[in-house]
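Note that the chains take the letters A, B, C, D and E in the order they are written out, and that residue 1 is the start of every chain.
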Amino acid sequence: MNDLRTLLPEILVATAATAVLFADLPLRTPVQRRLLLWLSLGGVFLALWATLSEAASTAAFDGMIIRDGLTRVFRVLVLGVAAVGLVLSRDYLVRTGLERGEYYALLLFSAVGAQLLAASRNLLLTFLALELLSVPLYVLAAFARHHRSSQEAGLKYFLLGSFASGVFLYGMALVYGQAGTLDLARLGGEDGLLLRLGAGLLLVGLAYKAAVVPFHAWAPDVYEGSPMPAAAYMSVIAKVGAIAALARLIPLALPGLVDLWRPFVAVLSAMTMVVGNLGALWQRNLKRMLAYSSIAHAGYLLMGLAAGTATGLVASAYYLAAYALMQLGAFGVLVLLERMGLEADEVQDLGGLGDRSPALAAAFVLFMASLVGIPPTAGFVGKFYLFTAALEAGLGWLALVGVATSVVSVAYYLRAAYAAYADEGRPGVRVVGGWWAGAGVAVAALGVLLGGVVGGPVIRWVHIAAGVIP
Amino acid sequence: MMLSALVLLPILGSVVVMLLPRREELLRAVASITFLLTLALAAWLFWAFPPEERGFRWVERVPWIPALGASYQLGVDGISLLLVLLTAFLFPVALLGTWDAVRQRVKEYLSLLLLLEGAILGTFLALDLVLFYVFWEAVLIPMYFLIGLWGGERRRYAAVKFFLFTMAGSVLMLLGIIVLYLRTGTFDVLRLLQTPLPPQDQRWLFWAFTAAFAIKVPLFPLHTWLPDAHVEAPTAGSVILAGLLLKMGAYGLLRYGLGLFPQAAREAASLLSLLAVVGILYGGAVAFAQQDIKKLVAYSSISHLGFVVLGTFVFTLQGMHGALLQMVNHGLSTGGLFLLVGVLYERAHTRQMDAFGGVAKVMPTFAALSLFIVFSSAALPGTNGFVGEFLVLLGTFRADVRLAALAAGGVILSAVYLLWMAQRVYFGPRRVDPDRFTPLTWKEATALVALILVILWIGLYPKPLLERSEAALSLLSARLHAAGEVVR
Amino acid sequence: MESVLFVVAAALSLAGGVGVVAARAPVHSALSLLVVLVSLAVLYLTLLAEFVAVLQVIVYAGAILVLFLFVIMLLHAHNPDLRPSPGPGRLHGAVAIASGGALVALVAFAVLRELGRGTAEVPVAAGFGTAPAIGRELLTTFVLPFELAGVLLLVGMVAGIVLGKAPERRVSERTEARREEVLLTRGRR
Amino acid sequence: MEWVVVGIVALPLAGAVTNGLVGGRLSARAVSWVGCLVVLGAFGLGILGIRDLSAASPQTALRAVLWEWIVSGDFRVAWELQLDRLAAVMVLVVTGVGFLIHVYSVGYMRGEEAISRYFTYLNLFVASMLLLVLGGNLLVLFVGWELVGLCSYLLIGFWFEREPAAAAGRKAFVTNRIGDAAFLLGLCLLFVIFQTLDFEAIRERLPQAPPGALTVAALLLFAGATGKSAQLPLYVWLPDAMEGPTPVSALIHAATMVTAGVYLVARLWPLYLASGVLPVVAAVGASTALFAATVAVGQTDLKRVLAYSTISQIGYMFLGLGAGSAVAGMFHLTAHAFFKALLFLSAGSVMHAMHDLIDMRRLGGLGRAMPFTAASFLVGALSLSGIPPFVGFFSKEHILAAARAHSLVALWGVGVLTAGITALYITRAAVLTFAGPPADPARHPHEAPPVMRWPMGVLLVLSAVGGFLGAKALGAPFDRFLAAAFEPEVKPSPESEAFGELVLGLASVGAALAGIAVGWLAYRGRRMPELGALGQALSRQWYVEDLYQAVLVRPARALARFCAQTVDLHWIDGAANGLAAMVGALGTGVRRWQTGYVRQYAALFLVGTVLAVAYWLVR
Amino acid sequence: MTVPPSAYVLLSILLFVLGGLGVLLRRTALIVFMSIELMLNSVNLAFLSFARMHGDLSGQLVVFFVLVIAAVEVVVGLAMLIALFRTHRAVDVDEMDLLRG
């Protein structure tokens, strides 16, 4: 029973997902169908409550699962992302005729997977959680299944995802071959070529999920093709999950190989920042731009991990939260627009937003500023913290790459923000609004602003995650 | 509380303006009142600041992000006091002088201006490096949009260029700030000023900070963002940009470059002061070759700011005093010049000097006021510019005669290009259309007269400004000389 | 005995693998895959994994492969590999083969260095790899993954339902057509 | 008595402010009254001051400290004014001649639209000049120094709609700025040497000063003086300055402002004595005197002749100073103020009559129609030529005597030669303008109105008899009044004899007479002898202006354009834009890798995996 | 046991890379899927050989779960393929090139 209580948040969310699946069948009228969202949100908020109400650290299921600071922080993150992801989706789905219970259920299932990644201390469980995170995302990507681009997105995601799963599995096998166990806690003292090889493959597998260069190529295509809210959600949740897994895996399993994995992660981080920001530079499609931006941000997130210190981990976690808010917010603004019944996903479509909806335009500017890392936004505080971590760990060059690429990113983020005010409104584009999505954007905007102005308490709370660093 | 009020008042005004309905008169009234209240508050601070104060007054401190060691700490000393006053003065003048220039999106325009004022004041008042950086960067977004939305034809290019240049420098400063924190364990400027750093740390930290400041100033050869930004910005934007944003860089050099890294500053002084002199001459020469009035004024800024940097890096009291005063002067004079260009542009819709000629005939009052400002910029004795330039020259002379000799060339050049401009625009046969060159509106006239009165005040009786900053600068100068001993 | 079995099964599985990858028609690939699956099952037996071997035959050969064949029948599409590809060029193939070879070499190097030719015979408990042993483990130590696997299967099911359902034209054809037009024009720029 | 000192400056300033602010709404008559009366008032105050001073000991000065001005550490400068004997002389010259010219202007500028602006500038000029004169320290003096430059700029460009006028004003200011830059550096150096800029304090601390630095400082200040006083090599602005209204030329560019350099050297006399740069001063003065005199011969524009004459005569003044006699310099300054103002006013009268025609080739025979003007010009010319008993004879003789006394024979020779040439060109001008048959019989020039005539009359009298102020026979009251201010004056060498004095003095008079004779013979009857290449060289100032254009102005412009167009746009900005373009190209590169083919993505993945694995194995 | 575990592992990596090459080189989606199955199978072989080597049962249990995942992936992949085929008659992965850049 106690074992199950440690898993209460996951169980609650999974239950909500199942409930939504069943509730989808009898609910017909639009009013009734509102229940689907309420159910999903209910599950998420109950899980949130369950997460926050349990403070003590404990292990369960023969040590496969641990509930500690890291788990709690990432659970809250995942649940928050899920909640915002849900509210952003609802209006869009209804508008495009895609609203089906499966959507919510899949979204929630993948949230379960992401939560488990943070809690797992066993490679097998990590692998399963990774699949539980990913498979629903493949489906979500292809959810607009009559659209060729959505199908293409789903298939590409799926194909490369399976490929990555294979690599991850092979890494698992090699690690197992060396150590004879899959328990992360027992891998600690091991060393050997197979372990190293396996660790490398494991990292590659997780890097894929986080869209780290050179394993990133799927991301732009998939995000562009996916339905807008799905892209928003997956661009965040996959990263949350992958970072959680890395945060669990690296310090626990590879304490003896610090000299190996730190430069490795640092180089990945640098490459990711560079390629992500360069790729975004010329994008006219906002989804694609945000996809590259999400790649770039994977690089920034890795920076904290590369530092390998408590500061680094906390910085990454905080930046992850900031990233979640700004990325979801930016996508959320787009969800509220449409062009001739389609998604308004091009930079031009933002034209005239400043006049049509000043609040929305202002929010968009805020998100862009935060993505660049301009104060006073959460993005700034996060980057500040990350650079602190990197410099503290002696990774000055990485911090330099980080700031240089941030400067490059100014070009494209601001172009988008600028378009919202300076460009002519494009014919056929309109603000469709939506209460739910609007609320989601508002929450994100508030979070981004507060995270920048009074980030203190949040950071202090995130510090509990640092317990995993020895 | 005083200082928080000073910073928050405009920001609050900005929010209020944003929330008000789109009624132009109402919006303008709210903005004007906010500006004037801020000015009143700043004036009171100036008046109440005791001249013998060496350190910071009205310091307030609230923990902000304890995990990062950052706190919300404000304070004002003799150095920042002048710039605060300048800021509070220049905004209402800029608004008044360009009252009719902006007709579109007045609400956003006013809101951004107010936000900008708050951020700039914050930059000058912050006594915590993180807070400083926050304000420093927060200035970018409103300025970006001011240029980008209300600017000229190439506004997009200019706005992005401005942003990229500035950001490129400031991120280096960000890294510097962090490393400083890692070395000393604090962002608190008050404590950092008391904490001597080992010279080898200072060296590259100094350059990291200086990168940001030098771009903002701008120091030759990092200046090329400035002409574009100035030319494309709307008049009020140019006034603020020249009058205040550049001062942020100069202020940074003085407060942080010199204050935190005295030894490194001494080592770098010869290079930086040389660049400053090159900037003085180069900016003047290039200004002379311009056809566009606004560009001419923009390059003149480079030249004038060269004096500021020069005065800063000769480390004599007079040099720094002159540099500080020259910051204020440049804000007034060049701000005034941009207002003039704005007045002309409003009427002619061009800034090419060829299109003008004989303006003095059709707008005699305006021409008279213009000449006042032109000569203030050319540092004619009796105006503010002379006091500043002379102090810089004197300070430089005491440190390095050769530099002073070269810098004196700038005195000549400023007369060359400014009078050249005056001749082509105001004098000569009348080429402009008298129907379009309507007389000054009373708002424009008031703005210019206000500027001129301050120009004369500082020119004739700069003592209130000088004496309030003397103690703080002497302290700084003494520390720099002590640092010099250590180096030797 | 075992080595003979190993050599035969390994050869078969490799041949099958090559068949899967190189076959022209998907049906041939599927049949080659069957060869691989079965020969692997044999190898599993030599590795004292009888339960897994059985599962391999039932689940893989019995279910998954049938599903493949079923879809092959359903689609009976032309073979695109015979047409000239608009996609990656010659360099792509070279890079693929080179890096595949490199991977093999690297792993082989590691394996040989680490394990050598050693045959450290580990004594195993009776019933190692049998159904009861596995089952016990599944419901004790591995109960959580087991449950998770259940959830995953549910997700798979949902996925099948969502994606495989017959097209319902709720989205108007017009919208779809326009969307594609937009994408195509953009894609060719 | 402080209020006298303050009042001398404040009165004209008040006039300027009044005319500047409300002059536009007053009648031309009211404006003129205000303009003239304030200067007259200042003159009156000057008389009051000089009365006090003559009663007191020679070193006495009336001082007024207004308020602290620039305060920075050990650098403290206040707005302070001081009236001593030297200043008093200048005050009287400035306000006296100034007042006359103000009155003259009332007539000359009648009908001018912007009369209030004119008197504003003129009053402002007088105020600035008085500030310069009365400045109690070098910095206040410098303020006046620059402000008179400003007024000069404004007044030269008074008719700013005429392109040449506007350009000339600018040229004047800029050229002056070159000198002023040196001046500023000199100020800095002086402060470094003395820790003060106060005249009194400098005098006191002079003995302790290092001589080398002193020399440099004196040279720097003298460079400033060459600018303001239009000496070689910075004289070029003065001829162009004739674009301004003629009264302005008379006041600013003949009588007062341009002599500020002389005043500066006199003001810092102890410094110059100690610094050892007096020979330089003398050499520059003598060469300028000769140079400008020759150029004046080649001019056809009457005012330009007078302008070069002014340059030349100021050269004389510097020669006097350089020869060690500040009194001689100051006396020539005063005398020159009289006769040159008279000459200019006469020329103005001609212009007034001929509707601004000033080309001597088209003038002639005006003596008949304008006898008073002709007489005035004649007196001025004789005085300028140094013919006794006119004032110029005494002042010039004083200078030459000083040069002789100090065995500066070469300089003395130059002085005599110049005297001859001076007589030649002024005779030429007088003959061409007033003698012979009228160039254009159709014109009927008329004499100037009384309001213009009587200031000329006063100056005529002063030019004619003012020389007795310096006549030794009458005890040289001017010398006595000033001499004490210049302690220790360089004493003339004792061996100079009365007889020798007389003979040598006659040399210059002889040269002058010769010049007059040549001038009369050569130009009588409106003839213009061809001088060929020499004439060309003279009319083009020995190609100095061309040289400056070729060596300084045009290269500077080209350099500026090169900096603006090539260095700034292509090199510096090009580097920045190039960097941006490079980043942009990399961005395109990244996009090109994103082919859309999933197999290629997998290949990238695999390559990445291999690299990662290799890293993990090999490290 | 006379065959060393390294032999099994070598076989497995060969099969793994074969599968990988299938993904990289083939355009028929179905064959690509099968190649992925091949990769998963090779992983299973590795696990089993290591389980035997260590005498540890958990390796075998992993294989059980890999089988489950393989099934799920096949379902998802084939469902997507069918959806694509239904609307666009396409089974060629190279035809999925709308999204790029």
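Please note the rule applied: contacts are C-beta pairs under 8 Å (C-beta built on N, C-alpha and C of every residue); 3 or more make two chains touch, one makes a residue touch a chain.
Given the structure is predicted, the values throughout are model-derived calculations rather than measurements.
Trainee: Top contact pair of chains, counted by C-beta pairs?
Mentor: Result: the chain pair C-E has the most contacts.
Trainee: How many Å are there between the centre of subunit A and the centre of subunit C, using C-alpha atoms for each centre?
Mentor: The separation of the two C-alpha centroids amounts to 28 Å.
Trainee: Distance between subunit D and subunit E based on Cα centroids, please, to the nearest Å.
Mentor: Using C-alpha averages as centres, the distance is 96 Å.
Trainee: How many angstrom lie between the CA centroids of subunit B and subunit D, rounded to a whole number?
Mentor: Averaging C-alpha atoms per chain gives centres 37 Å apart.
Trainee: Compute the distance, rounded to whole Å, between the mean C-alpha positions of subunit B and subunit C.
Mentor: 67
Trainee: Listing for subunit D: what residues touch at least two other chains?
Mentor: Residues 591, 594-600, 602-603, 606-607, 609, 613, 617 of subunit D touch two or more partner chains.
Trainee: What positions in subunit A touch 2 or more of the other chains?
Mentor: Where subunit A meets two or more other chains at a single residue, that happens at 124, 128, 131, 135, 138-139, 142, 145-146, 148-149, 154-156, 159, 163, 174, 177, 193, 196-197, 220-221, 283.
Trainee: Can you list the subunit E residues in contact with two or more other chains?
Mentor: Residues 5, 9, 13, 19-20, 23-25, 27, 49, 51, 53-54, 58, 61, 65, 69, 72-73, 76, 80-81, 83, 87, 93-94, 96-101 of subunit E touch two or more partner chains.
Trainee: Any two chains that touch count here, so list every such pair.
Mentor: A-B, A-C, A-D, A-E, B-D, C-D, C-E, D-E
Trainee: Enumerate the contact residues on subunit C facing subunit A in the complex.
Mentor: Touching subunit A from subunit C are residues 106-107, 109-111, 113-115, 141-145, 148-149, 151-152, 154-156, 158-159, 161-163, 167, 169-171, 175-176, 178-180, 182-183, 186.
Trainee: Within the complex, which stretch of subunit A touches subunit D?
Mentor: Per the stated touch rule, the residues are 155-156, 159-160, 163-164, 167, 193, 196-197, 199-201, 203-204, 208, 213-215, 217-218, 220-221, 259-260, 264, 275, 278-283, 408.
Trainee: Which part of subunit C faces subunit D closely enough to touch in the complex?
Mentor: Residues of subunit C touching subunit D: 87-88, 92, 95-96, 99-100, 102-103, 106-107, 109-110, 187.
Trainee: Under the stated contact criterion, what part of subunit D meets subunit B in this complex?
Mentor: Contact set of subunit D toward subunit B: 20, 67-73, 75, 79, 114, 117, 139, 142-143, 145-147, 150, 153-154, 157, 160-163, 165-167, 169-170, 173-174, 177-178, 180-182, 184-185, 187-189, 191-192, 556-557, 559-561, 563-565, 567-568, 572-573, 576, 580.
Trainee: For subunit B, which residues are in contact with subunit D within the complex?
Mentor: 161, 164-165, 221, 223-225, 227, 282, 285-286, 288-290, 299, 317-318, 321-322, 358, 360-361, 364, 368, 371, 375, 380-382, 386-387, 390-391, 393-394, 397-398, 401, 404-405, 408-409, 411-412, 415-416, 419-420, 422-423, 426-430, 460-463, 466-467, 470, 474
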